[in-house]
Structure formats: structure tokens, C-alpha cells
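Which chain is which? They are A, B, C and D, in the order written, and residues in each are numbered from 1.
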Amino acid sequence: MKHSALRQAVLDANFKLYESGLVISTFGNVSAIDRANGVVAIKPSGVSYKAMETGDIVITDLDGRVVDGDLRPSSDLDTHIELYKSFPTIGAVVHTHSYFATAWAQSGQPIPVMGTTHADYFNGTIPVTRQLTDCEIRDDYVRNTGRVIAEALGNRDPLSIPAALVNDHGPFCWGKDAADAVHNAEMLEAVAKIALHSRQISLESPEISTALLDRHFQRKHGSSATYGQTERSKQV
Amino acid sequence: MKHSALRQAVLDANFKLYESGLVISTFGNVSAIDRANGVVAIKPSGVSYKAMETGDIVITDLDGRVVDGDLRPSSDLDTHIELYKSFPTIGAVVHTHSYFATAWAQSGQPIPVMGTTHADYFNGTIPVTRQLTDCEIRDDYVRNTGRVIAEALGNRDPLSIPAALVNDHGPFCWGKDAADAVHNAEMLEAVAKIALHSRQISLESPEISTALLDRHFQRKHGSSATYGQTERSKQV
Amino acid sequence: MKHSALRQAVLDANFKLYESGLVISTFGNVSAIDRANGVVAIKPSGVSYKAMETGDIVITDLDGRVVDGDLRPSSDLDTHIELYKSFPTIGAVVHTHSYFATAWAQSGQPIPVMGTTHADYFNGTIPVTRQLTDCEIRDDYVRNTGRVIAEALGNRDPLSIPAALVNDHGPFCWGKDAADAVHNAEMLEAVAKIALHSRQISLESPEISTALLDRHFQRKHGSSATYGQTERSKQV
Amino acid sequence: MKHSALRQAVLDANFKLYESGLVISTFGNVSAIDRANGVVAIKPSGVSYKAMETGDIVITDLDGRVVDGDLRPSSDLDTHIELYKSFPTIGAVVHTHSYFATAWAQSGQPIPVMGTTHADYFNGTIPVTRQLTDCEIRDDYVRNTGRVIAEALGNRDPLSIPAALVNDHGPFCWGKDAADAVHNAEMLEAVAKIALHSRQISLESPEISTALLDRHFQRKHGSSATYGQTERSKQV
């Protein structure tokens, strides 16, 4: 089978996403990109998670044409591809309609940095896209969804803000690889839930200080990260 | 056993409903209609889901008389029958007291279209019925419950709005067959939960645009649906 | 073993309560009364649910003295006994700190009849007790808890309103036997959860009409109940 | 293996914490102190709960230097050590980002005593720390987190208030040993959830009386505790 490692990673990540409880019905898909070979592997459209096998993962080129596989790709494919083109450093994309992140998306509100759980994964506010115009909805809707996400990120590093909320719709997340992108989707949902409950306790919950945001984000992601094991201690 | 295929579909759908977590206590029932033979198959009243067998499913005519089966039909039978008479295109009916849909029903508020999760399944606001009058409650209450649902739908296509909230009570859902109706009940609960949380984040969460509603509902249900697999690719 | 049937029923009900998810830590206990023999069987204090056996259930008289069993009875025993004395028709008592019922108790608010889920089990508002005075807390606190519950019920039929919220504390429920009392505790929690969410959607959620309350409560509990199977159909 | 009993207790408590559902991602750690030998046992940093073994638990001295073990200690080690130094009576520390306690922490609000569930475990308001200054964040952040917790407790007995909320961050809990500290973390989350829902029902939910607080806290913790079994009855 061609691209079997890429397919396997995407299959595993789709299973992990399903087990995480983030997927409502079939509203969930993971893709990953092999930039060297210019191909994307993505979940087939509307296929049950339980029945999915490695060979069902669809391989497309960066124009969205199927180059290997018998099934239709996820109907969200063009959003994924647009994100790969806009964000050259990312390796995978995840879409869900998870409850709390979707509630923020439906409310049209970005998620401010209200605590260190957020700061450990997202180096700033999680943006919400502007609403699409009627023209953008009627013509090339799926690709335009990717475009407004890129617009919402602006010039921020996508690996520092690995998620955005599509207005009236739900979250898209990404990461350096498929497992990382799924983990970011899980963390986004946790952050969205805690943020909602924080607001319910106090409407005035302010954002945390820049010093605290930097301290936490850099702890896990900076060049001098102190979290987890070094390679040496991991090998022990 | 007579009507064994219909009974089996209704039994399977009742099990699926139970496993979905939508059923509080015994507040849940599924029926399906065989219009060619003029019979309805429905869950027996107050029987434990775990103990239910194919032969326990009750077969009635369209006047609610048991034509096959030893048990009493669900006490909600007359509502189901009224819906089959009012909505000639539907094949199955589901009733639950699922938490979030019931909360909207108790609040007497319809669920506006606040996002695409809603739009993928419901082509507009999910209506809430008017309250029944004291006379309607005292005389032919169960049938009148079906009547106010039909009244609330008005001239909209019931397969485009496959659910309604009975004021002070809870949701009724329907679909083209029993599995479809149960799936709609699951989606209604997800939509109701996300809608509540959206309001908690922003009381002003507006409805989505007609263009976006059309785009999503037609994507899954229109003649040019792009979601899922074509027959050909499904066979592969 | 003496009182083995009573003990077994109380053990089974305590297990069922534990499996229901209503018990936080060890905040949960079930007792039942054998009025003919003047004894109460109750969960031992602070014993893990998993390790409990029939012989661990404590048998006391109606003055709270242990008449059979090696363990201390639940520290809530005197509340249970007070309820058995005040409500001669009940056969069992359940206490939990289940999340949503406890939230209503802590808020000092009764739960109004906002829907038919409530009306199917509780024939009116679920009362909240007045706060205990400092004297009532310092002297005979546990028995006084039972007294304010009886005071809150007033002259209503305890089997028609089989629960009350102890202010600042949590719910006590009861029923005709141990299984019934546990089921009422489960329904109270469902009703409390839906009522909270109803209020979150609309602060003005009004109470349902008396006609609807009567219709639903009588459907399950009246002399002409239409819910469930008749003895004859049950035997089939 | 050195310190094997201490390691085993810490491993068991970390597993229990994981099974409790309080741990989001890897945001959770338990340590315990052996004051006679001047060592602390703590979870290794960023290691999966499922893969953890007794030998992975890291042993440090009270200056945070690893004295036994091949892995890096939890990055929260210095907070744990600061708490052991400030609170001489405690034997273990637990940190989580559990949803509801973290929401209160993010809102910057202490949890008032709104009911007896709280009073059974916490003898007063659960304090929230002041926000750290930028200097305290940039220099010795982890130790300063422990210092503001000690500052927030003031001169109250840490075993009577076995938790604090770190502003903008989440809860730290403690106890007389590792199992006790984990149990306190579970109770804190339950109390935080019920307190949020109580406020949603009534913004004016007042604190309970001092008499009721004393009655409940002393019932479980005082010298004349009446809850649970005596040693004699436990041996039966």
C-alpha cells in the first residue's frame, strides 16, 4: 500500500479523536500532510469510525484530487488543504464540533487567556473568524473557511496558536503531526469548558498577565523547556 | 411472528436509544410505521430495556388498537399515531426526556439556528408547541400532544425539521425510519446543549445567515448532497 | 441471620444507589423499615460500598438502638427514624449529596414544577426546609433535620412528594420500599438538573398548569393509572 | 529499592488521581514526604500514568535535589517542597487542573462555605491566592506559587483547610498522607461544582452558619468525631 505510514498515523489519530469524546456523530476528521511528496492523507467522508481501516484513508494531492484510495475524502478537505498552504510549518489538521469549543464558536467570541491551562498550550487568545459573506458561502465555501482561519491568525505563529474557532460553526486545530493536532483539540475543549465556567463565576474574569502567559507557554514549548523528560532521562 | 422485520427495527432502535444516554428512567420510546399494511410497531409501556425482546414490541392499527402482541403499548402511542397521520412522509417517531432538549421545552423557547451543527440536521428553528389548554389536557391529552406538534410545524416539511419541543414536557423527533429518528434525537440533544452554552457565553448570539443554513442543510440532504459516499464508492 | 430479607433489600438498594452515580464519596445511605417488627435496617457508617455485605447492614429499634449487627449505623440514622415516625406510609429513606439536588438545597430554593418529568414523580413543588437554628444544630442536630423535613412537607402526602431539600445540606428522599426510594432519588436529581438548565434558558420559566400536573402524576400514581403493564399482561 | 513504601504510596495515589477523572492531560501530580528521612517522593515529569512504575517515582531532598531515581521530577516540585516547609503537619500534596476548581481559580474567587458537603471537609472558605507579581513569575516562579499559597492560608490549620486555589492557575490540595490528599482533591472538585450550580440558581446563596459549619467539620474531624467505625467495630 502506498503512503502506508502516513495513512496509519491518520487512522490512529482518527481513532484517538473518536475515543476522546470530541466527535459528535461523524463531525470529526483528521488529516496529515507529507510535504516532501506533496500529498495529504484524510479521513473518508461519512464512514463509521469503527469500520475504518488503513486502506480507507484517502490520499490527495494539494489540489484536492484523489491520487490513491477508493473512497471520497472528507467534505472538509479543502479547508484542510487551505490551512496546509497558509501554515507551512504544520503537519496535521483536526476538525470537530466538540461541545464547548463549538459553543464559543457559535457565540462569535474568541477565548481569552484566563488561566495557565490555556497558556500551557495556546500562546494568546484563541481567535474566532469573521463571518463568511453570502458570496463566500455560496462559492467555494469549504476553501473560504480555511481562508478566514488564516486571516484570523494573521501573522501569529500557527504552532503557537494551534486552533481557531470558525464563527457559527466550530473549531479547527492543528499541530506538528497528527497525534499533536488531536491533543491540541482535546486541550482546546478543556480550555473552552473551564473558560465558560470561569465566566459563570465572575463575568469580570480578566486575562492573565503577559509574564504568566510567557512563563507557561515557554515552559512547554520554548527552547529552554523544563517540562517532561530529556532525551537522556527518557532512554533510561 | 408477524411483522417481524418491523418489530426488529423498532427493537433495535429502542436499544440504540437506550445506549445513547438520552433515556431518563423509562422516558423513551420508538415506533415505526408500515404504511402499506397500515400498522405501527411500538415499545411496550414501562418495560425494562434490558429485558425487551422482539415479541414484546406491540403492533397496533392506526386507531391505536393492538392487532398483535400481548403487552400494552407505550402510553404515548396516540401521539405517535397523530404524527403519522399529520406527516405522511415520516416512517418513525422517537420520544425522550433528554436533559437539554427537555430544558428548552420546559423554558417554552424554540431553539434558534445558532450554528452549523444545527443546520446540518434541522433546516430552521426547532419549534416549541403552544401550551395545551386545560380541556386539551383533560380530554384526549396524548392525541392532542400530537396535534399541537403538527400545529407547531405548520406547513414546513417534517423531514427538514425532524423534531419539535412539547411545551412543559420534552422533545418528539421523527425520521424516514427508526434508525434515522433515533439519530435525529441524538443530534437534537447535542444541538440543545451547544445552544444553551452558546447563550451562556453571549446572550446576543444571533442566528446564522440563511446562506449558511442552506449551504449546510443541502450539503447533507439536498439533491446535490456532497457528504458521505456515493453508492458506487460505498460498494468498493 | 435475623432480618435477612430486610437487610438484603437495604444492601441491594445501597448498591443501586452507588451505581447510580448519585453518591459523592460516602455521602449516601439507604434504610428501610419493618413496621410489624419495629426495626429499621440501615447502611453502616463510613463503610466502603464495594466491601459491604448483608451482615454489615445494621438493625436498630425505633429509638435508634442497635439490636443486631456489629457496626455503627449511619450517622444520619436519627433523621431516617424521625421520617419513619412522621410519615407512617413510607417504607424506606435515602440520603445523598447528588450534585444538582444539593445545589438547589444550598441555594435555599424549592424546585417548582417546571415540566412533566417532575410531575410524573412529584405532585407539586419539592420543598426546601427552613434553616435550623443554632440551638437545633448544637442539640439533637440529626433528629432536628428530620423534624424540619416533616415541617416542610406539612400536611401533604409524603408518597406524593417523596423528597425534600434540607437547606444548606442536600436531599432526603423516600418511597414505599427501598428500591422505590432509590428510584425517587434518581428522578429528583434528573428533575433538579433539568430545572436548573430551564432557568438558564429563561429566568421566567413558569410552573406548569394544575391540569397538566394532575394529568401526569395521576397517569403513573392514580387509581386509574395507564402507565406500565397490568398484572395480567405482565404475566404473559 | 530505596524508599519503596513511600514510592508505592505515591504511585498508588497518582493512579487513584488519574482514575478519579481530575487529571486533564498530564496536569496532575502527587507527592508525599518522609519527614524522618528528609525526603520527598514525587511523580516524574510528563510521564504517562499508564506506563508509570514504582521505580519511576523520583526521590528528592528538601532542596529539590534528586537523591534517587533516573527521571526528572514533576516541574511543580518546588511548590510541593515549599508547602511541606510551610505546613509541618501535612504528609502529601496534590496538584490538578480539575475543571470546576480551576474555573474558581481562574475567576480569582474563593469558594465560600455554601453547604455541608463543603463543611464536612473544609473548615471555612477555600482561599484563592493573590496574583503573583511579574518579578515573582520571572524569578523562582514555582517556589513562589507555594509561598502565595502559604500566605493565603495565613495562620489557619492546613489540615482544616486542606486546599487552596492558585489565582489564574488551579488547585493545590494536601492531607495527612497521599491517599488523604487525593481524596481532598476529589472533594474540592465536588464542592466547586456544587458551589457553581448553587450560584446559578441563586446569586444570593449565603454562607452557612458557623454553628452548622462547626457541627459538620467536627463530626468528621474533631476529637469527638461520630462518623465511621471505631477501631473496635472496624476489627469486628
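Heads up, the rule we're going with is that contacts are C-beta pairs under 8 Å (C-beta built on N, C-alpha and C of every residue); 3 or more make two chains touch, one makes a residue touch a chain.
Just so we're on the same page, UniProt names per chain: A, B, C, D = L-ribulose-5-phosphate 4-epimerase.
For clarity, every value in this text was computed on a predicted model and none was experimentally measured.
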{"item": "Chains in simultaneous contact with subunit A and subunit D", "value": "none"}
{"item": "Interchain centroid distance [CA atoms averaged], subunit C/subunit D, Å", "value": "33"}
{"item": "Distance from subunit D to subunit B - Cα centre to Cα centre, in angstrom", "value": "46"}
{"item": "Interface hub residues of subunit A, defined as touching at least two other chains", "value": "199-200"}
{"item": "Graph class of chain-chain contacts, one of line, ring, star, complete, other", "value": "ring"}
{"item": "Subunit A residues touching subunit B - in the complex, by the definition given at the top", "value": "24-25, 27, 44-47, 70-72, 75, 97, 99-100, 102-109, 131-132, 134, 137-138, 141, 168-170, 196, 199-200"}
{"item": "Footprint of subunit B on subunit C - complex, ascending", "value": "114-117, 120, 183, 186-187, 190, 193-195, 197-202, 205-206, 208-209, 211-212, 215, 219, 226-230, 233, 236"}
